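This structure is in structure tokens; I'll ask about it shortly.
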Amino acid sequence: MRGKFLKVAVAATATAMLATACGSGGDSDNAGQAGGTLRVYNAEPAFLTPSGGDDEPSLYVIRQLYRGLVKYNADTSAVEMDLAESVESADQKLWKIKIKSGYTFDNGEPVNADAFIRSWNYAAYGPNAQNNGYFMKRIVGVKDLQPEDPDGDGPKKAPEPATKELSGLKKVDDLTFTVELDAPFSGFPTTIGYPGFFPMAQACVDDIAKCNETPIGNGPYKMDGSWQHNVAINVVRSDSWKGEPGKPDRIEYRIFADVDGGYAAFQANELDVMYTLPPARYKEAKQQYGDRMFEMAGDSFTYVGFPTYNDDFKDKRIRQALSLSIDRQSIIDAVFDGRNAPATGFVAPSFEGARENVCQYCSKDVDKAKQLLAEAGGWPAGKKLILWANAGAGHDQWLQAVGDQIKAALDIDYELKVNLQFAEYLETADKKKFTGPFRLGWGPDYPFLETFLYPLYGTGAGSNNAGYSNAEVDALLKEGDAAESMQAAIPSYQKAEDILGEELPVIPMWWRKEGAVYSENVDQFVWNKVADADYGATSLKKN
Amino acid sequence: MSDLTSAGTAVGGGPVGAGGPLPDQPATGGRERSASLWADARRQLVRDPVFVLSCLYILAVGSMAAFPKLWTGQDPRDCTTDRSRLSPGGEHVFGTDILGCDYYSHAIYGARPSMIIAIMATGTMIIIGGSLGLLAGYYGGWVDTIISRVMDVFLSLPFLLGAIVFLTVIKRQNEFTIAMVLFLLTWPVIARIIRGSVISSKDLDYVQAAKAVGARNGRVMFRHILPNAIAPMLVYATIVLGSFVAAEATLTYLGVGLQPPAQSWGIMISTHQVYFLEDPWLLLFPCGLLVGTVLSFILMGDALRDALDPKFR
Amino acid sequence: MGRYVIRRLLQFIPTVLGTMFLLHYITSLAIQFSGNPVRALFGDRTPPPALLQAITERLGYGDPCLDRKGDPCLWRAAEDGGGLLGSGYELGLFFDRLHGIFFNFDFGINLRQQEVTDLVANAIPFTLKLLVIAIVFEAVVGIAAGVLAGLRGGSFLDYMVKISTVFVISVPIFVLGLVVREFVGVKFGNVLRGQDWIPDLISVGVFSPVFKPDYPLASLIIPGMVLGSVSLATTARLTRTSIMENVRADYVRTAKAKGLTNKRVIGVHTLRNSLIPVITFLGVDIGAAMAGAVVTETIFNVPGIGRLVTMSARTGESSVVIGVVTMLVLVVLLANLLVDILYAVLDPRIRYE
Amino acid sequence: MTDVNVKMEALAGVDPNALPLQVKDLHVEFRTRNGIAHAVNGVSFDLRAGETRAILGESGCGKSVTAQAIMGILDSPPGFVTGGEILYRGVDLLKLPESERRKVRANRIAMIFQDALSALNPVFTVGFQLAELFRMHRGMSRQDAKARAVELLDLVKIPAARQRVNDYPHQFSGGMRQRVMIAMALALDPEVLIADEPTTALDVTVQAQIMALLAELQRERNMGLVLITHDMGVVADVADRISVMYAGRVIEEAGVDDIYASPAHPYTKGLLESIPRLDLKGQELSAIKGLPPALTNIPPGCAFNPRCRYTQEVCREDPVPPLYQVSPSRTAACHFWKEVKGDE
């Protein structure tokens, strides 16, 4: 699982499309040279604790400082054991986790069952206000730690939670513990590779503020000095790490306010890796650094949702007609310099179980669109289609192009409503107050196709902003969750996706292509399909 | 633009109205003197090529804002992604932008918001700031104290920071709100100018004489005192018009100005600044128009000040 | 002199309170009208209400007056019913904030739960360095250009100074910054970096396109010059006008009649008087330069106050924007006070009024 | 005060027997945007040691410009000396290089300005401004120079000089400020003092004190004094000889008694008649009609002709009336000087 939520949030709020990395797989077993200092681009992280950091810049640092139970294969994104000896379950509900012995934190504390239980409890406990508390939502007892506010947003405070511990976490012995989930979930092993599930030392939980400034990690790198806010974070290879050692001696994360500044620094040879590129410089970068550039179809999903709670969009034929009038590739070429891949399904193409052309209405076909619109009884005469996006993030541009194309194809005039800042925009989404198609994005939590389905289209799910509800889809998703293995779950999920492809609660727009450049100092650049640029595995040339 | 509150001093020179416009004028003939002052100024201005050129440029931009159809027959909203970022030439004199909209008509239509914001903000600033300055200077005492303290409050907010604060909070960024924010942050400057000018002229003999013969306060203020303050106010207003045009662009760049799909020079510049290495004209055209406008306003203000301030004759 | 300072200090207090109330009211209105900024923290994902609530409480956005649109948050109903002077009301959020700021030096926290004071403390050294470079640059170059132009009013040089300064004022600073970063920092810098004989301090430090932690001072020089360039124009013009006025002053004529050398007439008798408004301007300009740093720091990636404000504004973290701006405003007001006192020191006519 | 008299260095070509100041056919013009203003058009006069010469005229007649041209402190541009000679003891100052000419100022020819408030630098103490002279011209230390400044203030009768030397100009009253000005002018013991309307800005009682002080100091030091004024009353008390100026020219030159007894130019006559006189109480005061001409546009012939009651055709035509020798020691530039003189 990889937290791309905030990545989307950052993209939405900070600069225009802040692209993440790209890359192809350098492979990690072809060991390059060890040593040297790797200087990499980073934005200012939000938190450097596993329980707090859920945005891309945080994760890039946390993944080198901390390690979790499982990791992902760089090329196949398959789950591999890291600190865990085994992760097993008979019923997909009660999971038993065994930890390898001998691992320690930088301060000497052992990495044992307590370290994980402690970390997860800390994250889940409401008053700690940890961003990754969200990820504990499947574990039994989480409701007791995050009690509801009795009067919504009102003046009364939420009651103090009765307990600080998740009842679903049970320590068996020093190196074994069990996790009980609310409902069966076959994809659970993929989720625990996400940094929100990484362990924390007791010393860290005791003084979380200090631990945030100078993290006490358990991974291949440890802090050199403390976090220089907005300037840099430096890490050096850790001696206490028992696993495969990191390649560079030292990694310097240089912190930039915007990607343009970072790119300027890269051009001046002040950085070795830019895991992302300013959209407008993509062409130039490709020309100039073509042989040192990685590109990969990513898994950041951009969609235009329909407010299915609004009468105008209740008829699926209207939704289909609108989707059919959009030429995705031409918008991608014009606005993004070709840096996106048109979406024809709802699951990232790189994911196991993803298929092409799940959506039959996702390529331009004006005649069919007109026909479907006519069948649905046409668009109310004179009514403007209102297209929503949040302000200040450059979304207005491509949305305007979408509007232009709809207008050209179906003769429906449009209006852009793009003046809401992100917070307010999201609140509008939460309150289901959109009056027309709205732009939003989604990034996966873990490399398992479920992450693209339930949260967005499950009845009442947290990010189901379309307000979509389909009993059949719900049932199929449940079926997949309860399947005996991840492999076995895929067909159920695919069936659910097929229904979505016909019903079209949202118009899939595109998948972002990740693009990264690296300097001449880099010998072998490693891109992990799940965890993105893997700096610990990237080797430098010997001078 | 760093700070509009300093723009007056910036461009003008000394605090424009600090000493009153004509500190050495004979006590009696104030009105005649100012009449001949304006006549002299006009004579001097029409002979000043810089002033004339600036005026023509502003007129051109003003007509773009008022009657864009005079300048272009094309619809700036007629866009198609098929012709994204065409180079200038042929059908599209300025080329096309990334959405394939005609850039020339875009630039013409973009004049309007910039000008509306500048004019609305300056107008409000003159009327309200001017009145408050007049009241403070004329009545003095506690009226002056209160108004001066309120002025201090608004002056203490550095211009850009203040604008960021107000606009992040307002969140409805349109011509009106931006103009109002610009006004809020700059009215104390004009109020100060007027106040200083009023204070220095209210003790002049002819004003005292008017009072002595029982003229009402309103009449004294408007007939005898205000005319003295008009010259420095006019100079500052001209310069500030230019600064506001530039401010709109800067605020847009910082993400707190106008939002697309509105069309303004600021939006054009900040949207396309990232492309300036690849397709420099996307930045060059709106930037050129903007710089020209700001430059013209400032040069006009300069020329006005030289013409209206006898010290520089 | 003493009385003058005391009078200025007394004027200072209502200004500070007024400014702080203005900022406080704006924040309150922001929350009242556009909702809880904490929500944005979660992005596309909808957070559990409990979590949202907990973070909101932590951030101090829980005051009930923030639910009433337009409420200035001055008073609140006292919990025990007694309140201030038995009115049933007690001092509200505004006074809590004042108390926090003046007694606990607490300017609030950001959405990442970092103290604004810490954020500012981290950022301020960079901004200070940048400001010093900018002010020195604009003072030295601006005054020199202004003096030259002023002494030769109407000459070619005067004309050049006038045109170039007006031009600098007209170009939006972000365009100037971007052009400098790309052409001076990247393009020209890369040429320099390709030459072995140029010391690293110059090629890697000074001509770095963005701020570089290894060269904390050198890499700030160019950003500082860009920041200073806006006010440089103002300084030059102000100096020019001031010189032109003073050069004709009677006391300058007296100085000449005293048979003093030209150098002394200009350097002592003209400059001292002419520079009073310029120095005052430079002092006041500290505030403007801080605001200008918002743009410059963003472009050159200087981890200072300006970048802090911009990033916070972009993510809608009004708590930080307000906290930082409040602090800056206090600094600006203090600077203005000092400038006024400096003015009195420089100009004896004010001092003895 | 004898040691003040040490001259820094000798000026080449000085003839100690020549007159301290001779102005010959001086021309000054101002080149402005609105045309060329002919401010001074051939002014000549002599000044003997110990003599007081008054230059009389309305404002704008070129008298202050003449003074500034002598001092070499014309604002240039727009002012330019376009002809003539200014001789100090036989040396033409206009031909001296600036570095030499500078040494003449304050050392040999000093000047007092009209408005002491604006003529004194507001941001320096009077002590500093006085001491500066000794430091720059005599190379004295700050301390010595300061001591001399106190002596000077004593000399011009400023009470409590020791304390006041540290005050700023705006802390003095008008009369006291003018005394400071005088002290400054006399500091280096010049041979010629030019006083440009030294009392105009002052109250009448103070005026008298200042004039008395000036006269006293002049006598003590045997200085030549050029007194520029428009005040006929002041002139009558102190002047030895008078040059009356109109539109940039000297139109009458005579001893003070002659002029007052029988003016030979209608303008002089007009000026005299405009003085209110106790003995003519009850009669209507006659003023000169009209305004002086703009210096950019001086009428042909006699510049005074539009306002003159003696005007005839010849006055309206060039050339301008020459200086007629009225008596061995007096001249007047009027074709009809005889009529004017006789017509009492």
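For this structure, a couple of remarks:
Note that the chains are named A, B, C and D in the order they appear, and that numbering of residues resets to 1 at the start of each chain.
Here, a residue touches a chain if its C-beta (ideal position, glycine included) is under 8 Å from a C-beta of that chain, and two chains touch if they have at least 3 such contacts.
Only a predicted model underlies this, so the values are computations on that prediction, with no experimental measurement involved.
Ranking all chains by how far their C-alpha centres lie from the centre of chain C, first place goes to D.
Ranked by how close its C-alpha mean sits to the mean of all protein C-alpha atoms, the top chain is C. The distance from the centre of chain A to the centre of chain D, with each centre set as the mean of the Cα atoms, comes to 90 Å. The centroid of the Cα atoms in chain B and the matching centroid in chain C are 22 Å apart. Taking the mean of the C-alpha atoms as each chain's centre, chain A and chain C sit 38 Å apart. We define each chain's centre as the mean of its Cα atoms; on that basis chain B and chain D are separated by 49 Å.
Within chain B, contacts with two or more other chains are made by residues 168, 171, 255, 277. Residue positions of chain A touching 2 or more other chains: 392, 421, 424. Each of the following residues of chain C touches two or more other chains: 34, 182, 298, 310, 314, 316. Across the complex, chain B is touched by residues 16, 260, 278-281, 283-284, 327, 330-331, 333-335, 391-392, 394, 396-397, 400-401, 404-405, 408, 416, 418-421, 424 of chain A.
Listed in rising order, the residues of chain C touching chain B in the complex are 11, 14-15, 18-19, 22-23, 26-27, 29-30, 33-34, 162, 166-167, 169-175, 178-179, 182, 230-231, 233-234, 237-238, 240-242, 244-245, 277, 281, 284-285, 287-292, 294-295, 298, 309-310, 313-314, 316, 318, 321-322, 325, 328-329, 332-333, 336. By the touch rule above, chain C contacts chain D in their complex via residues 248-251, 253-262, 264, 269, 272-273, 276, 346-349, 352.
If you check the complex, the residues on chain A that touch chain C are 5-6, 8-10, 12-14, 44, 46-47, 126-129, 131, 133-134, 137, 146-149, 152-155, 157-158, 228-232, 254-258, 261-262, 264-265, 267-270, 392, 421-424, 426-427, 429-430, 440-443, 455, 462-463. On the side of chain C, the complex with chain A involves touching residues 34-37, 39-51, 53-55, 57-58, 62, 64, 67, 112-114, 119, 122-123, 181-182, 185-186, 189-190, 193, 204, 208-210, 212-213, 297-301, 303, 307-308, 310-311, 314-316.
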